[in-house]
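Each of the two complexes below includes chain A, the first together with chain B, the second together with chain C.
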Partner chain A sequence: MENELRQKAKELLESGQVKQVIGYEDGSTAFKSTPCFASSPEDADRLVWNPTCVNNLAVYLPSAVKQGKVAVAVKPCDGRSVVELIKEHQINRDDVVTMVVPCPGVLNPDALADIDPKTIKNIEWKGDGISVTTDSGEISIPREKAFLDKCLSCTLTDPAVTNIKLGDSPERSPLKDKDAAIAEYEKMSVDERRVFWAKEFTKCIRCYACRQACPACYCKECFVDKNGQVWALKSTDPEANWFFHMTRAMHLAGRCIGCGECERSCPMGIPLTLIGRTLEKDVEEMFGSGAGQDPDALPILGSFDLTKDPDPCPE
Partner chain B sequence: MARVGVFVCWCGSNIAKTVDVVKVAEAAGKLPSVAYSTDYKYMCSEPGQNLIKQAIEEHKLDRIVVASCSPRLHEPTFRRCISEAGLNPFMLEMANIREHCSWVHDDKEVASEKALDLIAMSVAKAVKNEALFSQEIPLTKKALVIGGGVAGIQVALDIADAGYKVTLVEKTPSIGGRMAQYDKTFPTLDCAACILTPKMVDAASHPNIEIMTYAEVEKVSGFVGNFEVTIRKKARSVDMKKCTGCGVCYEKCPKKLPSEFDCGLGQRKAIYVPFPQAVPNVPVIDRENCRYFADGGKCGVCAKICPSQAVDYTLEDEMITDKYGAIVAATGFQPWDPTPYTNLGYGRYPDVITSLQFERLFNASGPTEGKLVRPSDHKPPKNVVFISCIGSRDDEHGYPYCSKVCCMYNAKHALLLKEKVHDAQAYVFYMDIRANGKGYEEFVRRTIEKYGAIYLRGRVSRVFQDGEKLIVRGVDTLAGKPVEIEADMVVLAAAMEAQPDAKDLARMLGISTDEYNWFSEAHPKLKPVEVLTAGIYLAGACQYPKDIPDAVAQASGAAAKVVGLFAKESLQSEPTVAEVNEDTCVDCQLCKEVCPYTAIDTKTLTDRAGNPIRTVSCVNEGLCHGCGTCVAACRSSSIQLRGFKDNQILSEIDALAFAE
Partner chain C sequence: MSEEQVITKEPETAGAPKEWEPKIIGFLCNWCTYAGADLAGSSRLKYPANMRVVRVPCSGRVDPQFVLKAFERGFDGVLVSGCHPGDCHYAKGNYYARRRHMLLQKFLEHMGIEPERFHFDWISAAEGQKFAEVVEEFTGQVKKAGPFKGVGK
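Coming up: the complex of A and B.
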């Protein structure tokens, strides 16, 4: 698979079809890969595809396409971000070549909790789960422990914007219900939820990693970065934190594809995907459609049809 | 440093009774940035306004807060007042201490406190107010009227008489619309043709009116005063300049088809004029049914016979784009097809017909030349049953609304029946008789009392054929008895429904429709001919079922609006519209997608050499209504509403939240 990816990337770069290929390459340690920006056929040899390729690379597209056409390696989940970016006019469909990689699931860092990180030499997919090569031998980790939660409930097929499909989609049936986490959350009363979030948001240090990692947060100037007389304060007061996260959640309603990059990048461990998923569930129930499916669909807010308003405002 | 003047109005006792205006004015004088404050009995009166003007001069005020009634009432008054004193009219803020305070409270102390809070908010906002200026928008003084029925003709004539150019676009080959199909009109029984055809001719010969028949609006862009409209003139296959209207072509045409104008009861040819008084009197070839077009050019009879060589098979659809300042939609209605009433046998029994078919049957230019006969055996009918509310007031089969005209034309038909066939008997099944118009009730009474029509209050359950007769079973709810009538003919008063393409036109014009696809007016009572999009007006039944007097009245109303618009030299844009911050706009185009007025477009920013840099949103100030939907939708606050910017709103909130 990895060779196929490199081969394709090379072809695209050699023929000049794209200026750049965005993929993954080995990181500073064996349990992390890092984004790779290949602009020459030689660079393409650095590309890798293994369970540590977690990042949603769509986040780089709006700025990358400014230099010319880009090919990007996407997992089926990340492909939905590409759909959203096209829908929201941040990239032209013609400026991006999606290379959809077959994804059995990506690494949950908790799976390595019992292994001394310094001894890890390699991580690869094996059987249903992963195999970790260490100094002292090979350790197999089963699927339910090896992969991120979103992967265990994943039922996604190739995104609507697939250009190049690499390998065959792995056969997999979801192990978990994708709403298992929010089912627990929804059991809480409104007051309990308030207490829960008050505690979580107190942790926030306003590093904005969640925003930077998010492919849907592409504003040139975030509402929270505005100066002068503003709605949102920059301080880390619990109320100000709360205001930031709730406003961001509202800005993502109907647009969040649930890649989980916000939560993964949060240094304070705030369960941000819970907000995203809860909102998305509401959007799906109320509007009958989810984010990232159809590049030609109107955004939820823009699809309002006055004539179909079930509760029109009285004159 | 801002110098705000606060003027507290008593509004007679309306405010002063519940708010301690003197004390509030005094306290307002101590608010930050307030340089002067006073109170007066009627601030809107001339002495009140002079008081403001003098204070502006004496105290060098640069912002004014008037604490009085709703801005809806007197904002224009006070804007004019301060602009006469040399201030920008948008330096005014109004604190509504009447509707929002004195009228809804009793406790004077609390109400006075609230009044001061409201004033403090307005002062805080006024400090952030910026001078705003209207832009001059050019105005094309030419109107487009869509639909050439009686309403459209009336609009066109009224605008044209006022001295402005009008284009009247009609989809079918002739103007005249539904009214041209009617025989006589209630309640005066004037002949429809006698009163309509002169108007049609007037429109055709008016120097200010250009009629485009067999044409449809294809594309509409722009905004009030500056619409750009593309009209498709369908290929008529007859050269309008050469044709003399002699009619030889349709006499000789070998292809016969059911006539739409006669509701399928008569026939027309493949080359035809829809009716003898058609305007223009130039035939059109129905290419779908013409033998020449079907057989690859074999027939050609009409071209051969035409004495003026007017038939031209090579003509093609023509696209015409022009600029218009105003558009009037007058596209009318269509009669509802009563087929869903399977129990009444429409479509199954030839003598069960609709009211419009009945109308054609006794019209002198109709298929029977005015002889009222049954379609089945061409014998005059004796017993005729009229059934009301077919598809109206009926959620199950048709529409819940009342079609408004059926009660009256039922009475008309019952009366005319007796005049045509002297020994005939009319039966009318009705739910309620709705005859609310000038002379309407009297007309219905005449039909019943002088012409002996039998009115039965109840519904019909079933109609079935028995030999030559139609058996009508129903109920007379007033007598509490079932009724059975042996009828020769059954006439169904079919509902009026919106044109099948009403929704498409609405989308093109950027106007809204109700749940039945009737065009929505801007306000059901106070703006019945306007729509929410400026420069577009409604006339006739495209808005809701109407009879001829109502349609014509509304048409003249719409024309008055257009003429009022055209009487201006140019248009002034409302300055309180949305404004894009191009530095932070990321071109997600959500504002464009949520805008109900299609007022937002995108534009490409370029560097000094003209190279494109990036795309951002831009607001068309002619189209923007200042509703603020885009402002709420914009995630990066890159779009703001002038006069209601974030800093102004936040200042108001701060004034209230951090008041001592």
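Coming up: the complex of A and C.
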């Protein structure tokens, strides 16, 4: 698969079809990969595809396309971010070539908790889980432990913007219910939730890693950075933190595709995907459509339906 | 009497401790609800005086941020009201507003703010009566929900 990916990338770069290929390359350790920006056929040899390829690379597209056409390696979930970016006119469909990689699931770092990180040499897919090569031999980790939650509940097929399909899509047999966490959360009373989030948001140090990692947070100037119109205090007082997260959530309403990059990048362990999924569910229930499906659709909050939208006081 | 005493002195009539009154903010569309409020006033209709009114050019002007800010600042309730469907001065501002605020209300509940504290409605310039009723009802509803405990603790 990796060879096929490199081959395709090389072809695209050699023929001048694209200026740049965005994919993954080996990171500083064997259990991390890092984004790779290949602009020459030689660079393409650095590309890898393994369970550590977690990042949603769509986040780089709006700025990358400014230099010319870009090919990007996407997992089915990340592909939905590309759909959103096209739908929201941040990139042109013609400026991006999606290379959809077959994804059995990506690494949950917790799976390595019992292994001395210094001894890890390689991580690859094996059976329906992963195999970790260490100094003292090979360790197999089963699927339910190896992959991120979003992967264990994944039912996604190729995104609506597939250009090049690499390998065969793996079979999907979700192990987890996508909404198990939500169901658990919803057991709380309204006031318990208020207290829950007050506590969670108090932890936030406002590093904005969540926003930076988010492919939907592409605003040139985020509302929290504005100096003229200070909507949210820059200090980390609990109210300002709440306001930042609630506003960010509303900005992402109907647009969040649930890649989970915000939560994964948060150094304080705030369960941000819970917010995204809650809102996504509300949107689905109220307006019947979701994010990242149709590049030609109108944004949910940038459109309306005269006959079907819920009304506060139906006549 | 010191200055402070003068300021904090209860009016002579206050016997029992003063009842808690909710603080409510209302974002009213200039073309309909705000005029409806005017009509309620000039018709001398009675309604509770808990609401601070912010006049906006259209319900579509009301960014969810306004509502969130109000709760951040500790308001006990927020009302957003605009022209009826089909009557928006800008043709469709209220349709966008409707989507946004119906969603916001649900989302607020999921994040810990009782739906009783937020109300979205249509009130036209001719509906002074409805304005008085809505404000009365909403104020009662917020009162019942009690003082808002805030978002930070």
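Note that the second predicted complex is superposed on the first by the 303 of 315 C-alpha atoms of A that agree within 3 Å, B and C clash if a C-alpha of one lies under 4 Å from a C-alpha of the other, contacts with A are read in each partner's own complex, and residues count from 1 in each chain.
Criterion: contacts are C-beta pairs under 8 Å (C-beta built on N, C-alpha and C of every residue); 3 or more make two chains touch, one makes a residue touch a chain.
Because the structure is a prediction, the values reported are computed rather than measured.
Undergrad: Considering only touches as defined above, state whether A:266 meets chain B (first), chain C (second), both or neither.
TA: After superposing on A, A:266 lies clear of both chain B and chain C.
Undergrad: So, does A:38 touch the first partner chain B, the second partner chain C, both, or neither?
TA: neither
Undergrad: Can A:231 be said to touch chain B (first), chain C (second), both, or neither?
TA: In the superposition, A:231 touches chain B and chain C alike.
Undergrad: Kindly classify A:219 by the partners it touches after superposition: chain B alone (first), chain C alone (second), both, or neither?
TA: So A:219 only meets chain B here.
Undergrad: Applying the document's definition of touching, compare chain B and chain C: which contacts more of chain A?
TA: Between chain B and chain C, C touches the greater number of residues in chain A.
Undergrad: State whether A:301 touches chain B only (first), chain C only (second), both chains, or neither.
TA: both
Undergrad: Using the touch definition from the top, say if A:181 reaches chain B (first), chain C (second), both or neither.
TA: A:181 contacts neither chain B nor chain C.
Undergrad: Between chain B and chain C, whom does A:89 touch in the aligned arrangement: first, second, both, or neither?
TA: first
Undergrad: Under the contact rule defined above, give the chain A residues that sit at the interface with chain B and also at the interface with chain C.
TA: On chain A, the residues that contact chain B in one structure and chain C in the other are 223, 231, 301-304, 306, 315.
Undergrad: Which positions of chain B touch chain A when the two form their complex?
TA: Checking each residue of chain B against chain A gives 512-515, 523-524, 583-590, 592-594, 596, 615, 633, 635-638, 646-647, 650-651.
Undergrad: Can you name the residues of chain A that touch chain B in the complex?
TA: 88-90, 218-223, 226, 228-231, 251, 298-299, 301-304, 306-307, 315
Undergrad: In their complex, what parts of chain C are in touch with chain A?
TA: For chain C paired with chain A, touching residues are 64-65, 68-69, 72-73, 84-85, 92, 95-96, 98-104, 106-107, 109-114, 119-122, 149-153.
Undergrad: Show me the residue ranges of chain A that touch chain C in the complex, using the header's touch definition.
TA: By the definition above, chain A touches chain C via 186, 190-198, 201-202, 223, 231, 237-243, 246-247, 249-250, 253, 275, 278-279, 282-283, 286-287, 300-304, 306, 309-313, 315.
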